[in-house]
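Which chain is which? They are A, B, C and D, in the order written, and residues in each are numbered from 1.
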């Protein structure tokens, strides 16, 4: 591993660098998602991806699942918010075509923090007596060694192969500004590799100014960066641009069936490299 | 003033449960509790503080998605809200599967943070507008989070009330039973019994009061600044409810 | 506990709010230290303080120890850097007048993170076979439940009564900007109460601008704030003002003896409220 | 070019151990390793990256004081540096007490991160300018961090070398012994044996090479940009060494 971030031409090159079968950590839709790379993964016909929602999913997972790129999903939820259930995800769960690891938001954060700290596990309160925990043989019911009769669940560390997100900006040293979206910091720390698309690559250093440094992931944790304007589309870039609600509603309608989803792909994803 | 709608009755009922609290957080898919929290803040002159998940225009947390859970664990969040595809008479909630989880008849979004926050936050308010034997069931198909826990399980939090489109229940963790507290205007106790899949207690006094409607000044706030702010996260909800 | 930060008149009011016997968490000297409140604690003759260095100490601990304010110190180190050993601390350890809990930097961070996450303990690698661990009966040697024969140390959570620091600025809602000094974030999250002096209180909201929000501790975690210009003096405010090296050297010389230290206090601390 | 000083020999010796690495971190009270790391970066054209604790003018970490330790735990830090009031022949280091810890004859600053990083960072370089039987001892009075650990203890890292004012040792964790690698100009093997409180191995070849002095271009960098940057954290060191 080289310590300095690489600069790639576009999201397609990032998608090419993410191997089939990778454990791929993705942010929630209220943090910036690299939808442009998600589409590139569909175009390159990625297979057997294991998706980790940090902590929940929407369009990213639904599109990858519909396109047949996904073997397994670990997440606290998959939702389209006011547009209802995520159609390709829901269909795949009912048909049993993906392995489902249901979990809960803080368990994902804690398991990533375990990898961030290089410890094999993290204890977490709650969880006991839930069917979420009952269906996770990889979680262990243990005890608090500092008290009598105090059961607590031990979560094994999760170390993603890849973290992928979008950010407002990066500098030419490979530092990436993410602002308050610090789940991206934990994800980058916990993951073997981290790829980001950014709205723009700026001159100067994000670390030199204490104001920007406070919201910056140092290049040390960044494998590669590609510039991609409107890289979140049709999702929002918080404080940047709004979601394309009409397009999201169109997706939600078309993806109700596999046929509709396939024609969505034909219309908006496949062969559309040039439009990215 | 237009007619008061069911959602507005629910919002007002939840708002009353939040007055005087310090900090309230609102999770995903919670437009009615979100409106109630914003109304409580408006009525309380800025108190409780409100953190609305997904409202990236109003930053309240600065340590990432884990901060809500850590903050709750530190005892700083007084109230939270959970819905449920199913809620049963022991206040167990199901946010995931109908039928066998390995071959489900239906799949809902997922448990979100419920499997944790239901244990941790002192005042968890359950809400479900659809009040039918299909949603309020004898026994949930899947326990996203249990209503009660054995004595030795660390559990500073748990269910406080259940607010539906027909009534308000409180919850007694000792008896593991809901108690009907009030029935919304236009509904009655017989209907509640008929439409509820689980048994519950009636008030000790015998008579069941009506859920008070929102006072006019609350309605003004609700349909004005609260509607405007909730629309940032729930545009369709705000459009349907407040702009009708 | 009220959820909104209070505004106090000066560091003296903060010192009055910190009770004798409190477990007091303080930042390292490369984060801003509220030296003005440390002097106010000396003036109010605070007693039996239990100091927690996050993770190490310099002048703050040495002055409080010399002034007789301290019963116990938990820290990874106490150093005056190039000025040598911390004189009042070293003397107190040799004379056995303070209880010493030696530890190591990451153990303090992990134990504070345990309180931040509301878990009773945190596992940590390393430590095994050190005399640091051997002399900590409150740490437990356990095993990793996810592997065979893998010993690991469990650290009990540390929950300070008080966190005290200095920061460049706060707003009138009680949000405090700390930039990259995120040990202050963990300290505030983990502590029962948090007090900050700040160089200035600004109009507008630190949370409204995504750039400042990224380095801000929300008012939710802040008990009280007092304005105090040059509040770090004679230490540095990083990106603000430099340390007063001459004064620090003077302190290091005078504090070699208790008599010299006492005359330092008479000259620079006691009866000097007006100068703060 | 002025005469080469002992510290400059040490800096050059450490620099050679850092070339080709990705990331190097420097802790407290480490001006010689700090200079070596900055020199290695200058020689390597920006590689390794260097994080210098206390250099708040050059931000390299943005997640607070814990980040160095977490970063090391993630396997991202290739080399770190530890000193010691005492270092013994099994590479145990003591940064705290001389004598009985409950009634110490001397108290040094403390263990800092050594009790952790010595286990975690692959290439820990020990340094101690004073090379006498007082500092390089048979057995340390207090183990801040052990040189080796039992097989079942998680330990990806450990001692790589010991650089003193007289020589360079390497460390063999299997044999739990140092081996003399080179002797600085003006010193000899007999002196090393006499001034070292522990036994150590000699090179397999028999003859002990001289520690090479820094090449002229390294000296220029060391006394120029490296001195300027290290002075931000260690002004007295830079003043004494480079401005003499």
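In this section, a contact is a pair of C-beta atoms (placed from the backbone, for glycine too) under 8 Å apart; a residue touches a chain by one contact, two chains touch by 3 or more.
None of the values given here were measured: they were computed from a predicted structure.
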{"item": "Contacts common to chain A and chain D (chain labels)", "value": "C"}
{"item": "Which of B-C and A-B has more C-beta pairs touching across its chains", "value": "A-B"}
{"item": "Where chain B and chain C are represented by their mean Cα positions, the distance between them in whole Å", "value": "40"}
{"item": "Whole-Å gap separating chain A and chain C, where each centre is the average of the chain's CA atoms", "value": "36"}
{"item": "Length of the line joining the C-alpha centres of chain A and chain B, rounded to whole Å", "value": "29"}
{"item": "Gap in Å, rounded to a whole number, between the CA centres of chain D and chain B", "value": "59"}
{"item": "Numbers and ranges of chain D residues touching at least 2 other chains", "value": "59, 61-63, 69, 73, 120"}
{"item": "Two or more partner chains touched - positions in chain A", "value": "110, 113, 117-119, 124-125, 150, 152, 180, 185, 210, 213-215, 238-239"}
{"item": "Complex contact set, residues of chain D against chain A", "value": "22-23, 46-49, 58-63, 69-76, 120"}
{"item": "Residues on chain A engaged by chain B in the complex (per definition of touch)", "value": "28, 30-31, 54-56, 75-79, 81-82, 85-86, 89-90, 93-94, 96, 102-107, 109-110, 113, 124-133, 135, 149-152, 180-186, 236, 238-239, 245"}
{"item": "Chain C residues within the chain A interface of the complex", "value": "110, 113, 117-125, 140, 142, 144-147, 150, 152, 154, 156, 178-180, 210-215, 238-239"}
{"item": "Residues of chain A that touch chain D when the two form their complex", "value": "1-4, 115-119, 185, 189-190, 207-208, 210, 213-221"}
{"item": "Touch list for chain B against partner chain A, complex", "value": "28-29, 53-54, 56-57, 59, 61-67, 69, 73, 95-96, 101-104, 106-120, 142-146, 149-150, 152-154, 234-237"}
